[in-house]
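First chain written, first letter: the chains are A, B and C, and each begins at residue 1.
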Amino acid sequence: MKQPLTLHPDRLFPAEPQTRAVARKLYEQVKDLPIISPHGHVPPVWIADDIPFKNATDLLLTPDHYVNRILHGQGVDLADLGVPVGRTDFTEEQAREAWRIFSSHYELFRGTPMKYWMEMELVDIFGIDQRPSAENADEIYDTINAKLATDAFKPRALLDQFNISFLATTDDPLDDLEHHATLAADDSVATTIVPTFRPDKYLEAGRDGWNDLIDALGEKSGENTDTFAGWVAAMENRRQFFKSMGAVSSDHAHMDLGTQPLPADEAEAVYARARRGEASAQETDALRRTFMFEMARMASEDGLVMTLHPAVARNHHQATFDRFGADVGGDIPVAFETVESLRPMLNAFGTNPNFRVILFGQDETVYSREVGPLAGFYPSVYVGPPWWFIDAPDAIMRWRSSVTEYGTFYKTTGFVDDTRAFMSIPARHDLARRIDSAYLANLVVQHRLEIDEAEDLATQFVVDLPKKAFNLEV
Amino acid sequence: MKQPLTLHPDRLFPAEPQTRAVARKLYEQVKDLPIISPHGHVPPVWIADDIPFKNATDLLLTPDHYVNRILHGQGVDLADLGVPVGRTDFTEEQAREAWRIFSSHYELFRGTPMKYWMEMELVDIFGIDQRPSAENADEIYDTINAKLATDAFKPRALLDQFNISFLATTDDPLDDLEHHATLAADDSVATTIVPTFRPDKYLEAGRDGWNDLIDALGEKSGENTDTFAGWVAAMENRRQFFKSMGAVSSDHAHMDLGTQPLPADEAEAVYARARRGEASAQETDALRRTFMFEMARMASEDGLVMTLHPAVARNHHQATFDRFGADVGGDIPVAFETVESLRPMLNAFGTNPNFRVILFGQDETVYSREVGPLAGFYPSVYVGPPWWFIDAPDAIMRWRSSVTEYGTFYKTTGFVDDTRAFMSIPARHDLARRIDSAYLANLVVQHRLEIDEAEDLATQFVVDLPKKAFNLEV
Amino acid sequence: MKQPLTLHPDRLFPAEPQTRAVARKLYEQVKDLPIISPHGHVPPVWIADDIPFKNATDLLLTPDHYVNRILHGQGVDLADLGVPVGRTDFTEEQAREAWRIFSSHYELFRGTPMKYWMEMELVDIFGIDQRPSAENADEIYDTINAKLATDAFKPRALLDQFNISFLATTDDPLDDLEHHATLAADDSVATTIVPTFRPDKYLEAGRDGWNDLIDALGEKSGENTDTFAGWVAAMENRRQFFKSMGAVSSDHAHMDLGTQPLPADEAEAVYARARRGEASAQETDALRRTFMFEMARMASEDGLVMTLHPAVARNHHQATFDRFGADVGGDIPVAFETVESLRPMLNAFGTNPNFRVILFGQDETVYSREVGPLAGFYPSVYVGPPWWFIDAPDAIMRWRSSVTEYGTFYKTTGFVDDTRAFMSIPARHDLARRIDSAYLANLVVQHRLEIDEAEDLATQFVVDLPKKAFNLEV
């Protein structure tokens, strides 16, 4: 039953031999280039404090809802995988048992990017040479844990090994960014690590706890957040702080992309009602869209790039949310619209050379219908990479195919891993580099691109475009 | 002008030689396995009474609205093809003429699965070796008819020849299922033939005739259907009867997937108004969604698998409906939504191990956006196969490509032919097996799957997954 | 830095050698057939007066918003490219500088059909053998201009060289069509050149200037347009005039496809309110849908084919519109719906043999969900080709793949270039012929079509289907 585990050098490349040869050539050119990760969710404390990883389950299973959800979808109890993250009652024996559960269901990952990431991690990082199975679960678990106990597997050592030149984290506007300060002050950290401004919950006046957040925002910023104008000033203040700490972008996820601002006096009135807890759902939505317009206005002034990724029904299954909290796999995308929603923002700032917005999305229908045309016309609009569930070989191919013909090669951002799964970062970037090489190779063999053009693009995708899209100086 | 008609052994396989070789290998492994058909529309009386087929037109043209619609779309009068099914005034000469019409328009079927099915039927079942044309219409018609007159071409003989191990029909909740009783009692029938509970019209209080149906439901079940509670009890009663006759699933097709239940007292009040013919369209929609929630609740208790395939505008052309009735090609899919619609049902029963729901659909956009993520998370949710118009090579490839990366190989159901066209069942399953082999072969040659993994999956698709998804014990 | 510019004979063909060989064979068969262009925007005056083209910028850059938008999307000021068309203050030196801007940004066109068109124009028409670059901008500009100054590059000579047998223009209902008269009377023009009836703005009672247009319509037609009935009579009058001048179709683009007519008395009342400027937005929408129903009724009588291409948010960026006017790249597609919108029209005229409607669209989701099924059933409904932004290799492949399995090869229209860019017409048709050959070749090598079937279809696409769909007698 023991199956070897190897990484084929031609994996993800097209089968047709001429095309494969071109893909291989393009990939060779970019495979060892440093990783730029301008949008992700690795906790900065891991690196600042160089906290060792605990065990294979704690590292690779418990926090990874991509992996968890597949097992849950076949009836595995998330609690048996250690969910939620940070549980103190999850014993070492339970962690080992979780790895056994994962290993004995390994066939469920066939056809998924999770399999690609996991296998690259197992082989390249941990030197595993067998496919996970019920039989070898303990053996692999022990091998991984033994390595994790060594210095070479602490976050900072891995950061070097992974050749990550730039890493952005995601942070609360009220965060003091102490870990970023630590890292910036430490010359031994070669990677540039910067925060990202993620203000979503401060814009959602219809949610529980908003008023307390706004009180705290006022306190932290020294602005009076009893008025809409005060909210704006407080946000400007916090953005400036983030900018001073190296932030290059802000990150925004709401149910729609609306940016229609209320007239100034109405904004103040609705804000006041919201602070008193008296605003209707319609009013808090209108207020959120007004806040978004203000965010765009600030971005056009301070130059933080906006990343927008709307329209996910979070925590779809209430009982799972009640038991485990957020981010455990119950988030389901829904359809969304960009053209009318973004019109107010783009009419105000769309041709402003200091403004930039990157559109992600899980609703693939908007790519060819809306995002390609918008990015083709507006200098400020960039096509975000296939995000979240669709960060996968076929989906990336569909995405490239949907937007490229609008002339958007140079309006894409390079790959964004968007992950908290630190170990998977090299694998995710490797997957993207391979698929991009395959995509370009297809164009070359169909004589839609010359080879020199493809070679130039392959490097642009990895080096130049992330720098351009996110205003990086690395 | 005589063109040979042959079935190429490599049909539907990718052209690239290595990929084709893998596809061929995978297909060889599954091509002769028995057919499991857990969702279809073959009338059980055909088999119970072993009724001989009349002639080529009556068998292959008149009842097949896939074929009819293509001819109608080029101006052929459906009446000239014998529509509607069961007309007594359609003469033998007219039937022959219908076959001539079909044959002389044979080019219209290029690029369609109907051509694939038809050619496999002509060659494999009837031994025809010429492509249909105006010239050979009579010859082929006579050849087919001569065979149909023999015992080897009666339904039961074909059922054996086709190697169908399991066949589900679709039945009205008030049906006495006498043909199923006949078949179950007959040891000479090797195929397991079971009914499917199809209650749609009893849930549509806004349609003409609903009140009479509900009266009949009350009478048949012995429950008082003057109240909502009585309707529920009556449905429970009929589901139990279907279950006792071997049913494994219920089948549901409405304009949306709504499952939001009304509060109990409101349900009773609206139901009472509907029974008096006084409910508004909004109320009858709300009532239908309440009924659907109840169906799900019953399913979570009695274990009948729910198949949901919403959002088709039936009988789009009123004049055609007036002239020929339903199911004559004028059904057009529309967009639909799953995430909010199914939320009440999935919050109530989504993680119940006794509950299972299979989502079909013609709106391909929901696959990657909604159905993949839902099936990935909820143990109860299965990805239905490409349904109806999209039961076709390119569409099946798109479907696999859209949902596989979510980790749903094991949340698919195996192929479902969903057909009344008895003769086409082997061809439809053959097409699915070939395309699945091709899909898996692509993954193997791109080193996204090992060959042993693909071999295992190829068999899972045909044997294990239909059994698992539909709770079969065959 | 000098890169050669050549056109590979196998460009756009699949890489797999057998498939490529079939594609090449099919393409050889159709590549030199005359071009039928039944839907486009070349100004008839160019040909009637045989007006020489001014320079490379005036010909290839300034009027082409496909090209402009890519440059604008990277921050180039449209004014620097000579926009808007017809500016008298744009100097020869500025025109040369515009060409330099284009040439030095040539990499932006990678992966686009614009690159395909441009390179075929440069090589085949102008004999350029270097890829455009900052270095050779002046050299190429001068080469093109020198050729444009010769008789061989005047519109009529090119029309012959391009082998265009039929060309439709797009014209205002009040146009006197004098240029068409000139062309029809001139035996030296081998191409049949006809007008197309484009009445959009006369249907939009909610837009500024509508009343004046309707006054002019009354005057031109001799009908009293103070009533709805008069509007109808006036339109009938103008359609007859267009028909007498050779028109074969009418062209319609609104935000939705609605065709629900108001009852006659209500139509008159709303029309009267609209004429007084008192109709609400809802009323003018309802009136527009009533007008559309009337257009369909007229079409069912006079036989002009309707082309419908809805749902584009025109002039998305107000400041650009204010500065440069319409058609400068700020048009963004939005989602649309066909099934309910077209139901009134199709119920009234859908099976009328004299009625024909061609559906275009930028929302690709409607192809497999709605358009394929509608065209499959209704004799009058045709699947329009990939329109506008999606007139591109990958998008055409997606389109064929989305609709073919419904049995719509014979419900497609042949290629439609829909362009004002006269020089690009041969390249656009060449691209379509190559991709269609590639699509058919894929079916052949997968044994889904025999080679003789593919050969027949390849010619049908170029010769028979445009004639059939547009009722041509060429």
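Heads up, the rule we're going with is that a contact is a pair of C-beta atoms (placed from the backbone, for glycine too) under 8 Å apart; a residue touches a chain by one contact, two chains touch by 3 or more.
Keep in mind the model is a prediction, meaning the values are calculated, not measured.
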Chain C against chain B, contact positions shared by both copies (same if over half, else different): different
Copy-to-copy rotation for chain A and chain B - C-alpha atoms, rounded to a multiple of 5°: 120
Euclidean distance of C-alpha centroids - chain B vs chain C, Å: 40
Of all residues in chain C, the ones touching two or more other chains: 16, 365
Chain C contact footprint on chain A (complex, rising order): 16, 18-19, 337, 339-340, 343, 346-347, 350-351, 353, 365, 368-370, 372-379, 381, 401-402, 404-411, 442-443, 445-450, 452-453, 456-457
Complex contact set, residues of chain C against chain A: 3, 8, 10-16, 69-70, 72-75, 107-116, 131, 313, 316-320, 329-335, 362-365, 389-390, 392-395, 398
